[in-house]
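As written, the chain order gives the labels A, B, C and D, with residue 1 at the start of each chain.
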Amino acid sequence: MIRGIFPPITTPFSNEEITFDKLKENILRWNKTGLSGYVVMGSNGESAFLTREEKIKLVEKVKKYSASEKTIIAGTGSDSVKETISLSNDAAKAGADYALILTPSFYQSQMKHKELIDYFSKVADKIKIPLLIYNVPKFTNVNISAGTVAKLAEHENITGIKNSSENIADLTEIISVVPNNFSVLVGTASVLYPGLTVGAKGGILALANAIPEECVDLYGLFIKEDFISSLKIQQRLVKPNKAVTASFGVPGLKAIMDLQGYYGGPVRSPLQNLNQDEINIIKKIFMEANLIK
Amino acid sequence: MIRGIFPPITTPFSNEEITFDKLKENILRWNKTGLSGYVVMGSNGESAFLTREEKIKLVEKVKKYSASEKTIIAGTGSDSVKETISLSNDAAKAGADYALILTPSFYQSQMKHKELIDYFSKVADKIKIPLLIYNVPKFTNVNISAGTVAKLAEHENITGIKNSSENIADLTEIISVVPNNFSVLVGTASVLYPGLTVGAKGGILALANAIPEECVDLYGLFIKEDFISSLKIQQRLVKPNKAVTASFGVPGLKAIMDLQGYYGGPVRSPLQNLNQDEINIIKKIFMEANLIK
Amino acid sequence: MIRGIFPPITTPFSNEEITFDKLKENILRWNKTGLSGYVVMGSNGESAFLTREEKIKLVEKVKKYSASEKTIIAGTGSDSVKETISLSNDAAKAGADYALILTPSFYQSQMKHKELIDYFSKVADKIKIPLLIYNVPKFTNVNISAGTVAKLAEHENITGIKNSSENIADLTEIISVVPNNFSVLVGTASVLYPGLTVGAKGGILALANAIPEECVDLYGLFIKEDFISSLKIQQRLVKPNKAVTASFGVPGLKAIMDLQGYYGGPVRSPLQNLNQDEINIIKKIFMEANLIK
Amino acid sequence: MIRGIFPPITTPFSNEEITFDKLKENILRWNKTGLSGYVVMGSNGESAFLTREEKIKLVEKVKKYSASEKTIIAGTGSDSVKETISLSNDAAKAGADYALILTPSFYQSQMKHKELIDYFSKVADKIKIPLLIYNVPKFTNVNISAGTVAKLAEHENITGIKNSSENIADLTEIISVVPNNFSVLVGTASVLYPGLTVGAKGGILALANAIPEECVDLYGLFIKEDFISSLKIQQRLVKPNKAVTASFGVPGLKAIMDLQGYYGGPVRSPLQNLNQDEINIIKKIFMEANLIK
């Protein structure tokens, strides 16, 4: 069962190509933290800009550099059932332990209960590693309902969900209708603490790329029932989290990683790197939260 | 300082006119519960359909029937600064202890930091009872930011906020930037528990009209640090809460009040009462949650 | 039957109070143009900030200063059926020829066919001047359907609609289902020409406050079937129209009126006046469109 | 230069696989109409569910079956610059005359002017057939601005845009800022007529799959300046168009194709076919518009 804190790792580029050396450096450093594992090709991985070949190679390299106890989750979903199965199984061969599968979203207004049941069941039937549902309305404009999750949780190969909505009511409802061994993970650091209080098992958090220790501490203090200390960290994370998600996105996250001594580096085209003014804004937000010096 | 659970009370109508007898019956029954007080002319009070004269009379009657220890909060906001001040002061004379003031919203895309600071400061300067900010994006399409709340919290006559968004990240951020004696209240029962975990002082909850005991219990168990029991109630409330807010609104809430032995009665035109099929749906949701028999 | 071009006139303020002298100056100048009349207390009239007394006085003064052939339309709608009837009839006594009534909007997600039929029928039954429906989704978040308009058009006292959506498909559908003597008016200058091509009878246009001649010309050329010249004006209006609606709103419109020699003046609190940088942006847009020198 | 009416052709499936025989039947029949050509792998082609191999084969077959004078436009865009170039060039080899390229959309809130200029410029530099921009906010949640289109229109290999928004103000603004030989096409049949009146050169219309004659007639009558007859067809198309787009989508369009004697057939998973009740609703809408018997 999936527990704890995972970064949806950024993909390091140099001159528009993946730089595996920098990937290695980042992972070796993350290996020393209490992170439970890595999500590769998540929304912060600029997966939408990668070719199929790059994706497989990326999983291989992440597996290679990861400490053996770290769980590898690969984002392998697309609207096509066929392609999702094929990519998930190739990712499994390359070392992925779980497949994190986006709700299909092109025909967003039609992705309702029946369509989502159909999609996830067909994919889960055919992939050789366990499936985690990935619900992220801000990118997909689809929000899976608790009733749909409850039904999908009956499938033996569907073992959890990453819910990236900040809506804790939905999270509470989902947790109340799935079995206890179904992993419900928070998808954004701004609601990790309240998510844990309603029963989430951990989080997949963009911020954990840049400040893994604080994210792991928040989680660990909660597990030890030191709620006051855990909440204090949470309060410091809300505004910085907004900066690397809603306000500045992946370019913001990479800028903060650079400031923290990780390799953030440039984003891939067509995303645009932050300018110095923007970097200063984001830096100030992290300094005011005592997250960087 | 405002704490605990308040229902935003429904306004009882009969033949399109307010029936004060039924109001009295409801309040006498609510007086026996652990509710901290009553919000009159909130969103569930069909305040938008009331004339000015009806509003003042309603406050007078609520004050008259309420047990002496109950706090009376009156919803008195509109886009007009002048009218908001005037109505708030008349409500104060009629017995209101606090004025709950909506963010202005007609020019919704322009209601930013400066506009909201200007509005609430001018109103707070001139009203004779403490002001609670009322943030309810689903009706106003305006979402006040934590930064704006922090600034407004400096005003000596602005003493709290009801935040009806389900976004707990915003709530967490607000709580982290206001003084400890500033009352932050959850505005919807679906996130009462996670709201309390991040520091909210209570809630103004539509559901508390129909099932005040469960709402008060959830709060009381939390205060006693019986988190598991408190969360169990929370889990039962999410789906019923959706039924009386997003799905069926005030007509749904009134239908459930009727089923619980309170006077819900008909909504005022142009709102439409539920038909029997809709009542059955909502009844089933409440029965499955063990909230009615 | 309503035809031609109307400005939803701005309300002139000085030190937060209405200045009727400036209102008179503006109207005397507009009287000399081909405008068909005036809309008072429309969305651009900051009606949401006016008291009931101010509204009635405003209608009286507009009637007094208007040339006799100009039609006076008063915006008198609110969510309350009672108050809408009462204000409309008082506006009629004060000189209004038509009442322009907003879709009710507080309970926006519930304002569907039955609710809107109920509301407009009850209001139309009791008001003593003809009713024009006012559909403006950007302020109300309610979009009346063609089917609902078709039903309402059967009421003998409902004689037209101002549709402020830029969606010409909706306008086309509405025109195809109402009788020929039902006045369908475009509500924004960016789609006046295409609106006329699908059968609209004219427009109520914020821009007509500042540049009435161009708006009247566009309309007149279309009526004379000089489509090419009419379209050329239309093309020049799109970007300036966006500036005084979506981008800068009423503060932008008043700034342009000032530049054109009308009295725009300050907006009422809580709206905020433009700063000089913003005025320069808007001025540049109007200069590039050859609308001001 | 692209002119006239194109259907974004549906992809015929049988048992979840493409049936090229049925594709041939449809095309042979469309060849006899006044359609200007075919869009393959557009939004109505369920392109999101096709593998790369299927896409290339589809272009080959469409080219093979098409009458020689028909223009072939292939939808080849994705968020990845690399993959978009590669697929476009393979489609060109397979017979495509133009590449219709979606705005990138995964990081929707960040796809602004600079990002879009970067993306389309890089793609246009490298593809061997002319590029048409494809703007379809209802699927991408990105709306390209007139200013961005104006800049892109300077690129010698970017020759037009399909704008599927119903917002005619945007269309008017785009047409006013691009050169005369830049093809601006309407993307939905509900606004074909008003789009033509403001200068569009034609349309890519889902409805043209099922009722090509009416779409071609509307266009032809407009070109002959028989505006009244053209508008009459337009009025009949609005509601049916809504049925095969907003209400029922591709499953609705395929159902109507079946009723018209084309092969619509089943949609691919995870889309779901209409049930008989839904087919009856859509049938009624088309019968009331005199589009089917």
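Observations, loosely collected:
The definition used in the following text is that contacts are C-beta pairs under 8 Å (C-beta built on N, C-alpha and C of every residue); 3 or more make two chains touch, one makes a residue touch a chain.
All values reported here derive from a predicted model rather than from experimental measurement.
Farthest chain from chain A, judged by C-alpha centroids: C. Distance between chain C and chain D, defined via averaged C-alpha coordinates, is recorded as 36 Å.
Distance between chain B and chain D, defined via averaged C-alpha coordinates, is recorded as 48 Å. Among all residues of chain A, none touch two or more other chains.
Taken as a contact graph, the chains are arranged in a single closed ring, with each chain touching exactly two others.
Chain pairs that touch, as defined above: A-B, A-D, B-C, C-D. Residues 43, 48-51, 78-83, 104, 106-111, 114-116, 118-119, 122, 138-139, 141, 246, 249-251, 269-272 of chain D are the ones touching chain A in the complex. Listing the residues of chain D that touch chain C in their complex gives 146, 166-170, 172-173, 175-176, 188, 190-191, 193-195, 197-199, 227, 231, 234-236, 238-239, 241-242.
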